[in-house]
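Two complexes follow with subunit A in common, the first pairing it with subunit B and the second with subunit C.
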Partner chain A sequence: MASTEQTKVGVPSGKLSKAGVLSFLSAQGILIFFLIGMFVFSFFSEQFLSQSNIMTVVRQASIIGIIAVGVTVVIIGGNLDLSVGSMLSFSTVLVVDLHDKIGPTNAILLMFALTLMIGAVNGFLIGFLRLNSLIVTLAMLSAIQGFVLIYSGGQNVDIANQENTWFAFFGRGFVGGIAVPVLMFGLLAIVIQVVMSYTGYGRRIFAVGGNPMAAVYSGIRKNWCVFSTYLISAFCVACAALVLGSRVMGSQNNVGQGYELLVLAGIILGGTSLLGGAGSIWKTVIGVLILGFIQNGLLLMGYPYYIQWIVTWVIIILAVWLDLANKRKRLFTSHS
Partner chain B sequence: MTSIKGFFRGRAKIQPIWVFVIALFIFFSVMSEYFLSFGNISNILVQTSTIGLIALGMTFVMINGNIDLSVGAILGLSASLAVGLQEISMTLAIIAALVSGILLGALNGFVVWKTGVNAFIVTLGAMLGVRGLIFLYTGEQSFFAMNFAFADFGTSTIGPVPVLAIIFLICALIMHLVLTRTSHGRNTFAVGGNPEASIDAGIRLGRHMMINFIIVGFFAALAGVLLASQMGAATPNLGRDYELWVITAVVLGGTKLTGGYGSIVGTLGGVLAIGILRNGMNLMQVPAFYVLVILGAILISVLIIDKKLNAPSAKEVRI
Partner chain C sequence: MFKKTAIAASVMMMSITTAQAETTYRIGITQNNVGVDSYQTTYERAFEAAAAREENVDIVVLDAGGDVARQIGQMQDLIQQRVDAIIIWPTNGQAVIPAIRQAHSAGIPVIVTNSKIAEAGMEFIAAFSGPDNVQQGISSAEMMCDALGGEGQIVQISGQPGYTTAMERAGGFEGRLAEACPGVELLETQPGNWNRERAQRVMEDFLTKYDHIDGVYSGDDNMGVGALNAAKGAGRADDIIFIGATNFAVGYDAIARGEYYGSIYQSPVDDAEAALQTALDVLAGEDLPKMNFFDTPKITAENLEEFDRPVF
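This part shows the complex of A and B:
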C-alpha cells in the first residue's frame, strides 16, 4: 500500500536479441527459481523427483491451486479476496451434508448456487457499493465462518455410505491416469488463462485493475467487471470444495481456515502484483506448485512441517523484492 | 477555553463510532440486568485490553498507509517466551518477550523500508513465518506458568480497578498524546496522506514507518505478555485471528485504510464497540456462532454508512 513503484509488464520482443532474452528471463524469473529449487531438493532426497511423488504433490496442491486461479482474477481486477478460506469451509460442509439428504446431484447444484450467491454478495459490495475489498472480505470471512458453525451446529459432517457413491469421483477418481483434482486444476487454469489473455473480457479486467479511471472513461463497465471477478473466485472455491469434500468424504467446519493465506502466498510467489492490473494464471500455477514442493521437499528432508512456514516467509519477501528491484533497476529504495 | 476542544484537535467532530458505543451500551443495559454493573464494565475493559493495546499501534501503522498482519503471531511468540523462559528468570522472560516484539516489528519495518515491498505482503509472510518460529520454539507444546506472581498479575486490581484495564487506558492516553501533540504524530498523518510530499518536506519516510512498525510490534508483545499472565499459560496457537479483530476495531474507529486519517479516540471506540457487543451478546446468551455473523454484518454496515456520509469529504484536502 505504501509502495508507489510503477509496475511495467515486460513485453517480449519478436527478435531473439540479447535484450529480448534478458527480458524473457526476468519475466520468467519465478520459473527459473522453481527449476533451481527442484534441482536442489533432488540432491537432498532421492524420492523427491520420482514420478509418484511429483504426482502426489501436484494432487495435494490442486485444491489451493484451484482457489488461487480464481483469486488471481480478483487481484488482476485490483481487489483482494480474503473470504475464500471461510467459503471453502462453507461449501465443503454444505455439499457433504446435503449429499445424504438430497442426493449428490442436487447437493452439488445447490452448493454451487449458494457459493456463487456469496460471491455475488462480495461482488455487489465491492463492485457496486465500491467498498474496500480488504475489509469487506475480512468481514465476510468472519460472517461466513459464523454461518458454517450455525449450519453445522459446531459438528463435523460425514457422508454415511462412502462406498457406493459416484461423488468419490471428484476427489479420488482418475481419468486416463491423471487424478481428477489435477485435471480440474489444469482445465480451470487453462480456460481462465485463455479468457484473460485472448478475450475482450480479460483485457477489460486488466484495464480495470491497472487504471480504473481510464477504464471507466474508455467505456468499460467497471462495476460489472469487478462483480464478475468475485463470481469467478466463488466458482473456483466451489470446485475446490467439490474436490475436498469428495476426497475426505466428510468435513470439519473449519476446514478452510488459513487457506486464504496459502492461496495469497502462492499468488504472490507467482509474481502477481497485489496492486492489480498485472499478473498471470500461469505464474500462479507455478507459485502454488513451488509452495507444494517446498512443503514436500522439507518433509522428505525430515524437517517438521512448520519449518515450511518460515521458509515461505523468506521466499515470499525475496521473490517480491527481486521482482520490484528488477523493475526499478536498483536493489534498495532511494528514500532514507 | 480551547482546552477540551484542543484536546481533540484535528478530529474535533464526535466520531460516529462513539454514538454506536453509547447506543450499544444503552441497548444492553436494558436487555440484560447483569450488564450495567461495575464488575461487568471492568470485565469488558480487561477483555478488550489485549486487542485494544495492539489496536493502538495498528492505528499508527494504518494512518501511515501500511498494515500489519503479523500482530497475532507476534503476540503468540511473546506469550510463549514470557511463560517458557520463566524457568530461567521471570524478569528475563518478560524482557525477552517484549524485545522479540520490538525486533520483529523492526524487521517488518526495515524490510518495508529497504525493499519497498508492500507492507501487506511483508507482514503476510511474517504472519506465516513467525507462527513457524513459535512452533519451532515451543515444539508444539503449551506452556503453563509456574510462577504465581506472574499468573496473579493478570487478575490483580488496584482498588476496585483491574490492572490490565489501567495499563490499557494509560497506553491509550500516551498514544493519543503522541499522535496529536508530537512531530512524530504529525509526520504519521503526513506520510499516510501524501508520501511523496512528505519526502519533499524532509520526513525520513523509511525510518518513520519503521518506528511505527516497532510501536505495533511492541504493543503486540505487551498484549502477549499480559494475555499469558491473565491465562497463566501460553499455547502455540494463541493470537490466531487477532489481526482480524484488531483491523476490524481500527476500521470501526474510522481510520482510513488508504492512510492519512484516523485517531486513537476512534480506535478506543472501535475496541469498546467490539468488546461491548461480545460481552452483551454473551450475557444475552446469543450463541457464539451468531456473534461472528453479527460482527461481520456490522463491519460492512459501518463501511457503507461511512461511504455514504463521507463521500464528499474524500475530495477535500486532508490535513
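This part shows the complex of A and C:
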C-alpha cells in the first residue's frame, strides 16, 4: 500500500517548524475532525457509539461504499464517473423487475451483463475515443435515466412475494453475524485494494492516471487500462444494485439520483485526489464511513434535514481544503 | 419532450384543419415531472384517456420535468398558442405565479391541479382541483389515534422538504393529533423525500434512537413500506402501528397482510379526471367553488375490499 500513497505526512526536514506541525495537522485534519465529531455525537446521543448503531451505519454506508470502491479506481486512472447514480437506478429497476419475470438467478445474471455493457460504453468512449470523462458520464447520467423511465414506464417496481425469495439474502441476510451488504463491501474493498497495490495491473492504472504520456511511452496500453476501470466501476454498481433492490424489495426509477455526489463526497473525504494518479481504496472506505457517521450522528441529534446537508458539505469542502493545504504544505496560499 | 412538442404541434394542426374547430376546446396542460413517480405517470395516462372520451376536447400535453423555468416557458407557449384553458401542476407554488398571472391577463382561465399555489396567486386562477392534503393529514391523525387508543409515542417520516403536499400533510397531521389525541406524543419528524430507501434509513436511525415507538406516520405509502422494512429488520414491526397516505400497491398489499394499519386512498385517475372536468366546467361558464377537492377516504383492513388495488 505504501507504494500507492504518493502524498504523505510531511516529515519536517531539519528544523521542527510551525510548518511541520501545520502539515501534520493538514494531513490528519479530517481524522482529527472525525474523532472530535464522534466524541461530540456520543456526548449528545448515548446510542451513537452503541454496537447496534455502528452496525446500522456501516450497513447503510455499504451501498455508497461499494460504488465508491469502483469509482476510486476510475479516479486513480485519471477520469471521473458521474453516471453511477443513474446506473444504480437502472440496475436496481432491472433486477427487481426481472426477478418476478425470469427468476432471481437469471435476473441477476442479466442485470450484471447489461450493467457491464453500460460500463463498456463509458469505457469505450473515454478510453478509446478519448472523450472527456466528465462530459461523457454526465451525458450518460441523463441518457440512462431516460432509458430507465422508458423501461419502467414511470412506474415503481416491486417484488411481489417478498417473504419467500432467496433474493432477500443480499440486502437483509447475515453470514456469521455480519450483514451481507457489509460483507460485500468489505470483500470488494479488500480484493480491489490488493489488485491496485500489489499487481502490475494496479500499478499501470496509477501510472496512467499520474502521467498518461509517460505511461504510454513506457509501453502501457492506456486505452485498455481506462476501459477496464469503467468495467470495474460498472461491476461495483451492479453489486450495489443487488444490495439496494434486495434491501428495499422494490425500486423507484430515480432511486440512485444523487448517489454520484455522495460517492464523490466519500472518496474526497478519504483524501483521494480528483486529479488522478493517487489515492487508495482503504481511504475511500474510511471516507464513506465518515460520511455515514456524520449523517447518522446529525440525525440522532435530531437536526433538521437542511442542517444535515449543510454540515455534510461544509465538512467535505473542509476536507478538500485540508487535502490541498497538505499538498501545498501550508493552510493558506501566500499569493493570489 | 420533443415527441410531446411534436404531438402538440400536430394536435394544433389538426384542430386548425378540422371543420368543427369553433366548437372544440383546446386545453393545455403543463405537468410537474411525469415519469419520475408512478402517480404522475398514471395521472398523465388517465388525463389523456379522459380527454379522448370527450368529443369536443383537444389537449396539448406538456411536462416541465420538475424544472420551474421550463414550466414558465411552457405556460408562455400555451398563452402564445391561445389555448382555451390551461391546467398547471405547479413545480413550485410560488415561482409559477407570474406565469399564471400572464395567462390570466391574456384572458385564458388557469386551473391548478394536484398541488396548491401560494395565496398570492389565488386571485389569478379560475379554480383548483386536487386532493385536500391538509384533510389527509387530519384523517391519518384520526386513524393513528384510533389505532393507539389515544396513548403512545410516535415518529413521522415526511415527504420532500419544501414541497407543498408534504408540508400540508404534516401540518394537518400534527395539528389534529395535538387536538384530538393529546396522549400521543410525536417524538420526531425527519423527511424521507418520498423515497423508500431513504425512509428505511431514517427509520433504522429512529429505531436506534428510541427504544419505544408505538406508531409511524409516513407522508406516503412508499416511505411507509420503507419504515415497515426497517422495523421488520429490527424485529420490532409487531409492536408498531404503520399509517401512511397515497395508498400505493405495496401499501395496499401490506394492509391486506395485516402489517400496515391504514392509509389514505388517493387515485391519480380521480385526480386527472377531476382536473379535466373542472376545466370543462370553467369553460362552460358554470359557477364553481375555487377549491374543488376530490374524495380521499381512509383505507384500512376493514374497508380494503371496497377499493381497487392501486395500479402504481
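Methods note: the second predicted complex is superposed on the first by the 301 of 336 C-alpha atoms of A that agree within 3 Å, B and C clash if a C-alpha of one lies under 4 Å from a C-alpha of the other, contacts with A are read in each partner's own complex, and residues count from 1 in each chain.
The criterion applied here is as follows: a residue touches a chain if its C-beta (ideal position, glycine included) is under 8 Å from a C-beta of that chain, and two chains touch if they have at least 3 such contacts.
Here the structure is a predicted model, which is why all the values come from computation and not from measurement.
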Partners on subunit A (subunit B, subunit C) - clash or fit: clash
Partner chain(s) touched by A:Ser89 [first = subunit B, second = subunit C, both, neither]: neither
Contacts of A:Ser280 with subunit B and subunit C, given as first, second, both or neither: neither
Which superposed partner A:Trp313 touches (first subunit B, second subunit C, both, neither): first
Contacts of A:Gln60 with subunit B and subunit C, given as first, second, both or neither: second
Touched partner set for A:Thr229, first subunit B, second subunit C, both or neither: neither
Touching partner for A:Ala265 - first (subunit B), second (subunit C), both, neither: first
First (subunit B), second (subunit C), both or neither touched by A:Gly154: both
Which of subunit B and subunit C A:Met249 touches, first, second, both or neither: second
Residue contacts with subunit A in the superposition, subunit B compared against subunit C: B
Of the stretches 24-32, 96-104, 150-158 or 294-302 belonging to subunit C, the one that collides with subunit B: 96-104
Footprint overlap on subunit A, where subunit B in one structure and subunit C in the other make contact: 149, 154, 306
Subunit B-facing residues of subunit A, complex: 1-5, 125, 129-132, 134-136, 138-147, 149-150, 154, 261, 264-265, 268, 274-275, 304, 306-310, 312-314, 316-317, 320-321, 324-325, 328, 332-333, 335-336
Interface residues, subunit A side, partner subunit C - complex: 45, 47, 50, 52-53, 56, 60, 149, 153-156, 158, 172, 244, 247-250, 252-255, 296, 299-300, 302, 305-306
Subunit A contact footprint on subunit B (complex, rising order): 64-67, 111-122, 124-133, 135-136, 195-196, 199, 204-207, 209, 244, 247-248, 251, 257-259, 287-297, 299-300, 303-304, 307
Contact footprint of subunit A on subunit C as seen in their complex: 34-38, 40-42, 161, 188, 190-191, 195-197, 200-202, 204-205, 208-209, 222, 225-226, 229, 233, 248-250, 312
